[in-house]
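Next come two complexes, and both contain chain A; in the first it sits with chain B, in the second with chain C.
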Partner chain A sequence: MSLLFYLAAFVAVISTVAVILQTNVVHALIYLILSLLSVAVIFYVLGSPFAAVLEAIVYAGAIMVLFLFVIMMLNLGQHTRDQEKKWLSLKGWILPCLLAGVLLFQLVSVLSSYDQNMAPETVGVLEVSALLFGPYVLAVELASILLLAGLISAYHLAKK
Partner chain B sequence: MNWEVGSGLNIGVILLTVIIVAAMLIWVERRLLSLWQERLGPNRVGPFGLLQVVADMIKIFTKEDWVPPFADKFSFVLAPAIIMVAILLSFAVVPFAPGVGVIDSNIGVLFVLAMASIGAYSVMLAGLSSDNKYALLGSLRAAAQMISYEVFMGVSLLGVVALSGSFNLREIVLAQADGWYVIPQFIGFVIFLIAGIAESHRLPFDIPEAEQEICAGYHTEYSGMKFGMFFVGEYLGLVLISSLITVLFFGGWMGPEFLPPIIWFVIKSFIFIAFFILLRAAIPRPRYDQLMSYGWLFLLPLSLLNLLVTGAIILST
Partner chain C sequence: METIPTEHGLILAGILFVLGFIGVLTRRNIVFVLMSLEIMLNASGLAFIVAAARWGHAEGQIMFLMILTLAAAEVAVGLGLIIQMYRKFQTVDISVLSEMNG
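Up next is the complex of A and B:
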C-alpha cells in the first residue's frame, strides 16, 4: 500500500511541475488531469474511496473538461507559446523557489512530529453522506446556494 | 482452475472476450443492418462472412499509420488510447456472473461514471490535436454532448442505487432477486438508455461524427490502427452500456435454472446490443441544438423528478 502511495505521490509531483513548465496549453492541461488522477489514487490508498472517485468525476472529469472546452474555443497558437516561454525565464524563478523552500521546510518539520504508524481506516460512502447531511448540512446548503448564484449570473451574462 | 473474482485467469479471459466480442460486433452490426434493410451484407469471407473481421483487422494493421505533420503529435497519439483504456477499465467493475468479474468494488457505479467522463477527453483531444476544421467541429459537439448527457446518466442511476442501497454492482444484481429494477425504475431505465447511446455516440446520437455534415468528425485525420482503436472503442462502449443496462435494470446474471448464469448475462446483453443496432437502422439523426435542448429541458427535469418520487416512496414504506 505504501509503495502505491509513494508511486502516486511521485507522479502527482512530477506532473504538477510539468503543468507549470509546459508552454503548450493543451499539454499542460493533460498533465494537470494526470496530477488530479494521481491525487485520486492517493485518496484511495489512504482509505477514502468515495473522495477518490469524486476527485476523478468532479475535478478530472467535469471541471477539466470545461477548461479544455474553453481552450478549444480560444484557438491559442504559437503566439501564446512564445509568451509563455518569455514568462518562464530563469530570473523569475528565484524568489518563488526561495519562498516555496521555506514552506517546504515548515511542512517537513510539522509532518515529522506526527506519529507515522497510523493505519488508515476506510471511510465509505455511507459515512461521508451521513456526515454531509447530518452535522454539515448547513455548509452543504450554503455551497449549493453559492453554486445557484453562479448559475443564475452566468445565465444572465450569456443572455445579454 | 479457480473462478474467483479477480483471479489472473478471470482478468485475462474477460479482457480477451470483451475485445474479441467488440471486434466481432462490426460483423454482427453489418449483417443485422442488412437483414433489416433486405440486403445480404458481408457474406464472402469465410462461413457467413464470419472472417470479415479478420480481413478487416489484417487490412487495418498493414495500412500506413499516418500522423499529419500539422497535428500536435503528443495529444494526437494519446487520444485513441484514452478511450480504449477508459472503457476497458470500466469493465473491471461489471459483475458478469457469480465468481466472474475483475473487482468487487464498493464504488462500482461511481467508478463507471468516472471512467465515462475520462473517456470524453479522447474525442476532445482527437479533434483539438488534428488541427482540422471538421475534426474541431466534431469534437466541440462531442464535448458538449458528453458533458450534458453524463449528468442525466448519473442522476438516472441514483434511483437504482437508492432502491438497492449500494454502489456495488454485484450487490445491485443480488438485490434484484425478487424483481428486476426495470419495473419500479422504468423512467430511470429509459433515461439511462438514451444517455448511454449519447455517451457512446452511436446513431441516432452520432452527431460528433456525422459523415454527411462534417466528414467523419473528430477522427477525420486518423488512419490505420489509431482509427481502428476509435472504431473498436465505439463497439466496446456499446458492449459496456448493454452490460450495464443488464446489470442495473434487468437482474444481471439471474434467470431460470436451466441455463448457467453467464449465458443469461450474454443473452440479455445481446438483446440490448441488437436493439442499439436496430435503432441505428430505424431512427434518423436529430439536429445538434435539438439534441441539447431535449437533454437539458426534458431529460434533466424528468430524471430529477424520478429521483424525487423514488426517494419519497422509499421513505414512506
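Up next is the complex of A and C:
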C-alpha cells in the first residue's frame, strides 16, 4: 500500500508539472485528468474510498468534461499554440519559481518536524453519509444553494 | 499493512499546491490559469483527506466534498466568464483585461 502511495504521488507530481508546462490546451487537460486520477488513487490508499470515487467521477469526469466543452467552443488552434510558446520564456518563470520554492521550503521544514503515522483504517461511505445528513446537514443545504447560484450565473454569463 | 507518515501526504499536498501557484503566476492563457486554480483546490482537498486519514475521522471527507462543490461552482462561473471574454476580445490572453479601468 505504501508503494502504491509513493508511485501515485510521483505520477501526480510529474503530470502536474506537465500541465503547467504544456502549450497545447487539450494535452494539458489530459495531463490534468491523469493527475486527478492519481490523486484519487492516493485517496483510496489513505482509506477514503468515497472521496476517491467522487474525485474520479466529479473532478476527472464532470469538471474536466466542462473544460473540454469550453475549449472546443473556443476553438483555439495553431495560432494560440505559437503564442503560448512565445509566452513560455524562461524570464517569466524565474521569479515565481523562486518565490514558490521559498514557500515550499518553509512548508517542508515545518512539516518534517511532525512525526506521526496515518491510521490505517478505512472510513467508508456509511460514516461519511451519517455525518453528512446528521450534524452537517446545513452545510449540505448551503452547498446546494452554492451550486444553484453557480448554475444561474453560468447560464447568465454564457448567454449571448 | 505498513503505515505512511502523515508529513509525506502533507508535503505532497504542498508540492501540488505550489505547482498550481506557479501556474497561476506564470501563465497568460486564462484557461491555464483556471486549470492551475483547479490544481490548487485539489491539493487543499488532498490535505484534508490526509488529515482525515491521520485521525481516522470522516470529517475530512466531508470537507473534501465541500471543496468539490466549490470547485464545480467556480469552474462553471469561470468558464462562463472565459466565454464572455472570448466573445468580447477574441483572445484568451489575460493581459488584455488590464484595460478595464475599474
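Following the convention adopted for this analysis, the second predicted complex is superposed on the first by the 150 of 160 C-alpha atoms of A that agree within 3 Å, B and C clash if a C-alpha of one lies under 4 Å from a C-alpha of the other, contacts with A are read in each partner's own complex, and residues count from 1 in each chain.
Criterion: a residue touches a chain if its C-beta (ideal position, glycine included) is under 8 Å from a C-beta of that chain, and two chains touch if they have at least 3 such contacts.
Just so we're clear, the structure is a prediction, and the values are computed from it rather than from any experiment.
Novice: Which term applies to chain B and chain C once both are placed on chain A by superposition, clash or fit?
Specialist: fit
Novice: Look at A:60 in the shared chain and tell me whether it touches chain B only, chain C only, both, or neither; answer first, second, both or neither.
Specialist: first
Novice: In the overlaid three-chain picture, which partner chain does A:2 touch, first (chain B) or second (chain C), both, or neither?
Specialist: Touch partner of A:2: chain C, not chain B.
Novice: Please work out whether A:16 is in contact with chain B alone, chain C alone, both, or neither, and reply first, second, both or neither.
Specialist: After superposition on chain A, A:16 lies in contact with chain C alone.
Novice: Is A:24 touching anything from chain B or chain C once the two structures are fitted on A? First, second, both or neither.
Specialist: The first partner, chain B, only.
Novice: Could you say whether A:96 touches chain B, chain C, both of them, or neither, answering first, second, both or neither?
Specialist: The answer is second: A:96 touches chain C but not chain B.
Novice: Classify the contacts of A:50 with the two partner chains as first (chain B alone), second (chain C alone), both, or neither.
Specialist: Both: A:50 reaches chain B and chain C.
Novice: Tell me the contact category for A:68 with respect to chain B and chain C: first, second, both or neither.
Specialist: first
Novice: In the overlay, work out which of chain B or chain C sits against more residues of chain A.
Specialist: Of chain B and chain C, C contacts more residues of chain A.
Novice: Now for A:33: first (chain B), second (chain C), both, or neither, which partner does it touch?
Specialist: After superposing on A, A:33 lies in contact with chain B but is clear of chain C.
Novice: Once the two complexes are aligned on their shared chain, state how close chain B comes to chain C by Cα atoms, in whole Å.
Specialist: 15
Novice: Using the superposition described at the top, list the residues of chain A that contact chain B and also contact chain C.
Specialist: 50, 54, 62, 66, 71, 73
Novice: In their shared complex, at which residues does chain A touch chain C?
Specialist: 1-2, 5-6, 9, 12-13, 16-17, 19-20, 25, 28-29, 32, 35-36, 39, 42-43, 45-48, 50-51, 54-55, 58-59, 62-63, 66-67, 70-71, 73-74, 76, 80, 83-84, 87, 92-93, 96-97, 99-101, 103-104, 107-108, 111-112, 114-121, 123, 127-128, 130-132, 136, 139, 143, 146-147, 149-151, 153-158, 160
Novice: Enumerate the contact residues on chain C facing chain A in the complex.
Specialist: Listed in rising order, the residues of chain C that touch chain A are 1-12, 14-16, 18-23, 25-29, 31-32, 34-36, 38-39, 42, 45-46, 49-50, 52-62, 64-66, 68-77, 79-84, 86-87, 92-93.
Novice: Any idea which chain B residues touch chain A in the complex?
Specialist: Touching chain A from chain B are residues 72, 74-75, 78, 105-107, 110-111, 113-114, 116-118, 120-121, 124-125, 127-129, 136, 139-140, 143-144, 146-147, 150, 167.
Novice: Give the list of chain A residues in touch with chain B in this complex.
Specialist: So the residues of chain A in touch with chain B come to 24, 26-27, 30, 33, 37, 49-50, 52-54, 56-57, 60-62, 65-66, 68-69, 71-73, 124-125.
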